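Below: a set of structures, written as structure tokens.
Paired with chain B in one complex and with chain C in the other, chain A is shared by the two complexes that follow.
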Partner chain A sequence: MSEQTEGLLSRLGDPPAGGPAWLDGLRERARTHLAEEGFPGKRRERWRFTSVKDVVETPFARPDAPSSARAWVDERLADDGAWRVVETDGRVELDGAPPEGVSVRRIADVLAEEPAALESALGAAVAGEEFAALNAALFEDGLLVDVAPGAQLARPVHLVHVACPAEAPRAAYPRLLVRMGTGSEATLLESFLTRPGGDARHLTNAVAEVLVGANAGLTHVRLTEGTDDAVQLAYLGVRLQRDARFDSRVVALGGGLCRLELTLTFDGPGAEARLDGAYHVDNSEHVDHQLTVIHRAPRCTSRVRYRGLLDGQGHAVFNAIGVVERDAAGSSAHQENKNLLLSDEATVDTKPQLEIDCDDVTASHGSTVGALDAQQLFYLRSRGVPEARARDILTYAFVSAVLDGIQPEAIAQRARTAILARLPHGDAIREALG
Partner chain B sequence: MSMLKIEGLHVEVEGKAILKGIDLAIAPGEVHAIMGPNGSGKSTLSHVLAGREGYDVTAGTVTLDGEDLLELDPEDRAAKGVFLAFQYPVEIPGVSNVYFLKAAVNAVRRARGQDELDAVAFMKYARQKAETVKLPKDLMKRSVNSGFSGGEKKRNEIFQMAALEPRLAILDETDSGLDIDALRTVSEGVNALRSPERSMLVITHYQRLLDYIVPDRIHVLLDGRIVKSGDKSLAKELEAEGYAELRAGA
Partner chain C sequence: MSTQQIDELLEKKYEAGFFTDIEQDIAPPGLTEDTVRLISTKKNEPDWMLEWRLKAFRLWQRMKEPTWAKVSYPPIDYQAISYYAAPKQKPKLESLDEVDPKLLETYAKLGIPLEEQKLLAGVAVDAVFDSVSVATTFKATLKEAGVVFCPISEAVHSHPELVQRYLGSVVPVTDNFFASLNAAVFSDGSFVYIPKGVRCPMELSTYFRINAMNTGQFERTLIIAEEGSYVSYLEGCTAPQRDENQLHAAVVELVAHQDAEIKYSTVQNWYPGDEDGKGGIYNFVTKRGLCEGARSKISWTQVETGSAITWKYPSCVLKGDDSVGEFYSVALSNMRQQADTGTKMIHLGKRTRSTIISKGISAGHGQQTYRGGVTVGRGADGARNYTQCDSLLIGSRCGAHTIPYIDVKNRTAQVEHEATTSRIGEDQLFYCRQRGLSEEDAVSLIVNGFCKEVLGELPMEFAVEAQKLLGISLEGAVG
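Let's look at the complex of A and B:
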């Protein structure tokens, strides 16, 4: 075991006790993995452009129970029509009844009451490696969302994760498990916010697993509003059964270090995944997206479209691998990453790639780093919009396009507000367009 | 006095002469059509009038109400009352159609010394304009031209034209790619906007459009020059004889 790994694990303390035997086994395997492999360094391809040396050396401690962030969230966010759940540094509060057709429970409660219900599901979509193993070893609570077969939720569910930095470095290990029953449909919004507090660094090590049943559809909007001292090392694993649909919109707005590994597997034929994302970096922020799409079953469609806005001395990393396995005939796999450079000192490392082991496939991949679209610019100016304002509007549109088509409108609006709050001249853009 | 006056206009693209001496005057309230085959310079003319990049004006003048247009940025031309309905309207995902138009209308109002419209006043204004050109309501909320059909895009151009109330409207092949129903709807929208204070320049490849938008004058553009002008009957003549005869004559 490396000193680093040993240091971090020992500081973080023993895994939560009192769980079922299978969970103790899962945690033990995770710790063993970390002990043997250590935390990833730059020698690993997927970590080449993102250093976690600082993170591993930071003396993070488990948070003492922080005060609930529910009131802070309700004050900060307008009512978006969704059923809201607030999770404060990994601790979930449930308030009121969820929309009809969905059961929402604290993972801590389920583990205490009927642990068998989670045995085959936890860890099914996210492999227990690297920082996912850290979460597996240490998580205490989280959210279990079960959408009943055939249910169509009338309201979205909004899970608000709140990081609460203190005077000393803290870490939180949120866990989410979503199971969409056969033929069900739902919209889930996840927001990651930081409640101002102490100045120390804060690590959010989140793992979310989404299991979409046959012919079910989930729209998932994931919004992160980063801060300089916030570290997010997150995992999202998705598995799709026959004819399932997953519509993902990721919006990552900065942060000292914000990384998401998204792994999606087609387990049944005829399923569809739309993986759209937008990120913005400024100052010395670092945002990293690692996507893996595995076509294991035939006739599935995946379309990855990520857009990045790069300002200041920001650094963005985008890496996507589309794997089409031998039996996945009739697959369609497309990957695109477009970046807009607003500063000479910002950088992006982008690498969409495909690994195809099957003849009958439609596939494409590509990435660009460029400037604003000249035709769009002329179009706005020909309508009387002065050039500087037209550039502002197009810069905003480049990012906000990721939200096109999201219903209800209030959900998209919430994300747009967050985008405008970060952009140069955001107030002027809001005034021009609002 | 002419509203739009083009004299001796020569335009090059990357050193290649495209327009080779255009003279054209449009009086207030008149609708002129320019017809011509592919490559005759029709779209170049519309782009140069609207101020698109990539064109070198090597000789000639263009004035609107006596003011030099060629020295103005595109947005300043829009403020003076120039409007170009694009042949290929541009998609802008991420910005809703109606908010895009609000930004445009208020920019133009500001430049014209008028008060800007607040959100409530603008919505009322936009709904009324949408009514004029029969724009379906859901197109106002969607992103600018994004995923619109060909007909919807052209109708959206006319909607913008209605809202921006131009002095000079240039319609660049507004009919191309439209079926007859869409053509009729778009033409009705254009006709509803004809007025004694507004001039129009309708650029088209096909005579068919001019059955619906009946012009006061028709000019035939061939190889960068206007080779023939006449009244609306010229369109029928061209339909019967084609451009070949004129080409032989030129």
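Let's look at the complex of A and C:
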């Protein structure tokens, strides 16, 4: 074990005790993995452009029972019609009854009451490696969302994760498990916010697993509003059964270091996935998206579409791997990544990658880095929009396009508001667009 | 056509005189500093050359063989290779009857004349080429133009200042494992120098280069194009070999000064091994061009149908303002072949442009990876790149992988990458079949259409040959 790893593990203390034997086994495997492999350095291909040296060397401590952020959240966010759950530094508060057809419980409660219910599900969609192993070793609580077979949720569920930086570095390990029953439909919004507090660094090491049953559909909107001291190292694992649908919109707005590893596996035939995303970096922010789509079953369709805006000295990394395995005949896999560089000092590293071992497939990927389309600019100017405003509008449209088609509209609106708040001249754009 | 092979045979004839048993003895398998010194001594090299080789060797000893490529092969025992010897001598055969009929069939399809077939197959024949006169005719023309075209071992003596200045300037000895190995033990290769303002009067190729040394497994090519000059260089390794697994680690360096243009074309058809993946060449090659001056241009065109394993990324460093880099590639892997190939375009100068067109075809159990890098540096204002890489899959046991790295640090850059992967359309096949084409011919036709953009970049005679090669290499892939 390297000194770094040992140092971090010892600082983080012992794993939460008192769980069922299978969970202890899971935690032990995760710790062993970390002890043997260590934390990733730049020599590891997927970490080539993202350094976690600082993170690993920071003496993060577990948060001591943070005060609830519920009131802060309700004050800050307008009512978007969704049923809201607030999680403060890894601790979940449930308030009121969830919409009909869904059961929402604290993972800590489920582990205490009927631990066997989670045995086959925890760790099913996210491999216990690297920082996912760290979460597996240390998470204490989280949220279990079970949508009943055939249920159509009338209201979306909104899970608000709140990071609470303190005077000393703290780390939180939120965990989410979503199980969509056969034929069910739901919309889930996840927001990652930082409540102003101390100046120390804060690590959110989140793992979410989504298991979508046959013919079920989930719309998942994931919105991160980062701050300079916030580090987010998150994992999202999705598994789709026969004819399932997964519609994902990821919006990552800055952060000192914000990384998401999204792994989606088609386990059954005929399933569909749409993975859209937008990111914005400014100052010296660093945003990193690592997507893996695995076509294991025949006749599945995946479409990845990510767009990035890079300003200041910001650095964005995008890496998508589309894998089509031997038996996945009739697969369709498409990837697209477009980037706009807005400053002289911004950097983007993009790598849309395809690995195909089956001949009955249509696959494509495209990626571009460049400036705004001159024709679009000309069109707006010819309509009397001043150039600077036209640029603002096109820039906004470039990223907000990933939110198109989201239902209910209030959810999309929440994400758009967050994007506008980040962009220079956001108010002016809002005015211009009415 | 089959230039490398003819070349080698021509050379062997020359060498027969002094390529004695003793020489074979003093270069036993193994690689130590003594081997490097021996090679250098054999070539009567000046001290600086030996020092350069030794530096590379010492570096190489501390390096690890790269493992990141998507290829797998049993570990290579570098101490089991003989570093100063001709490629394995084939037994001299008495007549065509003794030659593997499969090989003859291939030659017949390539349209190689009978006499040439004999030569290629290693049958002892009397000289069919008046090699000396051929060479002198060309040499006279080149000399008149001021072009230097000679073995690099000769250039070390005749143009030491040029070799010293440019050797390792594009691919430094520290570059990578195989490049360092090559620097330590390279046996020979070509040296080309085009003086200022000269348009090389003919396409240069190894075909008519008279080279006293064997071109071995570790050749090194250095091409320098001075201001405003132009040269087109053809490299052919286009006939099947019957050798066992053999390591081929070459280095090619190109330097284009202001307004100069270098066009480098390769048709590679080393022995790919048999259906079960036995034998074949390990082709681990480092090729890089430096567009040193403003408005210079380097264009790589390659057709890769051979080798058991290909590991090759011809690249361009676009340093001069307005310089241009191009990469056109067709790579085919059939049977158990594995190819990890692509390019790197490094944009440093202002308004530099690059184009990458890559066509990968996988059949049988072939594994094909396009690995490309486009880097735009902070100062490369207005840089432009367009990349298109398409993969075609034939059969359900092959694989096609695309790994493009795009790293951009300049807001005015415009970088586009597009890639598709698909198989031959049933409708296209059906159309050809109902017009009376056999399935194999139909596939060959469709594949050639798929590669058209690249084949069009090849000099004419190469293009014809490449088309035929594609057809032959795909045999047995359908059905």
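We take it that the second predicted complex is superposed on the first by the 434 of 434 C-alpha atoms of A that agree within 3 Å, B and C clash if a C-alpha of one lies under 4 Å from a C-alpha of the other, contacts with A are read in each partner's own complex, and residues count from 1 in each chain.
Simple rule for what comes next: a residue touches a chain if its C-beta (ideal position, glycine included) is under 8 Å from a C-beta of that chain, and two chains touch if they have at least 3 such contacts.
Here the structure is a predicted model, which means the values were calculated and not measured.
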Chain C versus chain B on the shared chain A, clash or fit after superposition: fit
Partner chain(s) touched by A:207 [first = chain B, second = chain C, both, neither]: neither
First (chain B), second (chain C), both or neither touched by A:376: first
Vertex chain A; arms to chain B and chain C (CA centroids, nearest 10 degrees): 80
First (chain B), second (chain C), both or neither touched by A:342: second
Contacts of A:328 with chain B and chain C, given as first, second, both or neither: neither
First (chain B), second (chain C), both or neither touched by A:389: first
First (chain B), second (chain C), both or neither touched by A:363: second
Chain B and chain C, minimum CA distance [Å, superposed model]: 18
Set intersection of chain A contacts, chain C complex versus chain B complex: none
Contacting residues of chain B [partner chain A, same complex]: 50-53, 73-75, 77-79, 83-84, 86, 89-90, 92-96, 99-108, 111, 119, 143, 146, 160, 164
Chain C-touching residues of chain A, taken from the complex the two chains share: 45, 326, 329, 339, 341-371
Contacting residues of chain C [partner chain A, same complex]: 68, 376, 378, 391, 393-423
Chain A to chain B touching residues, read off their complex: 374-376, 378-387, 389-390, 393-394, 396-404, 432-434
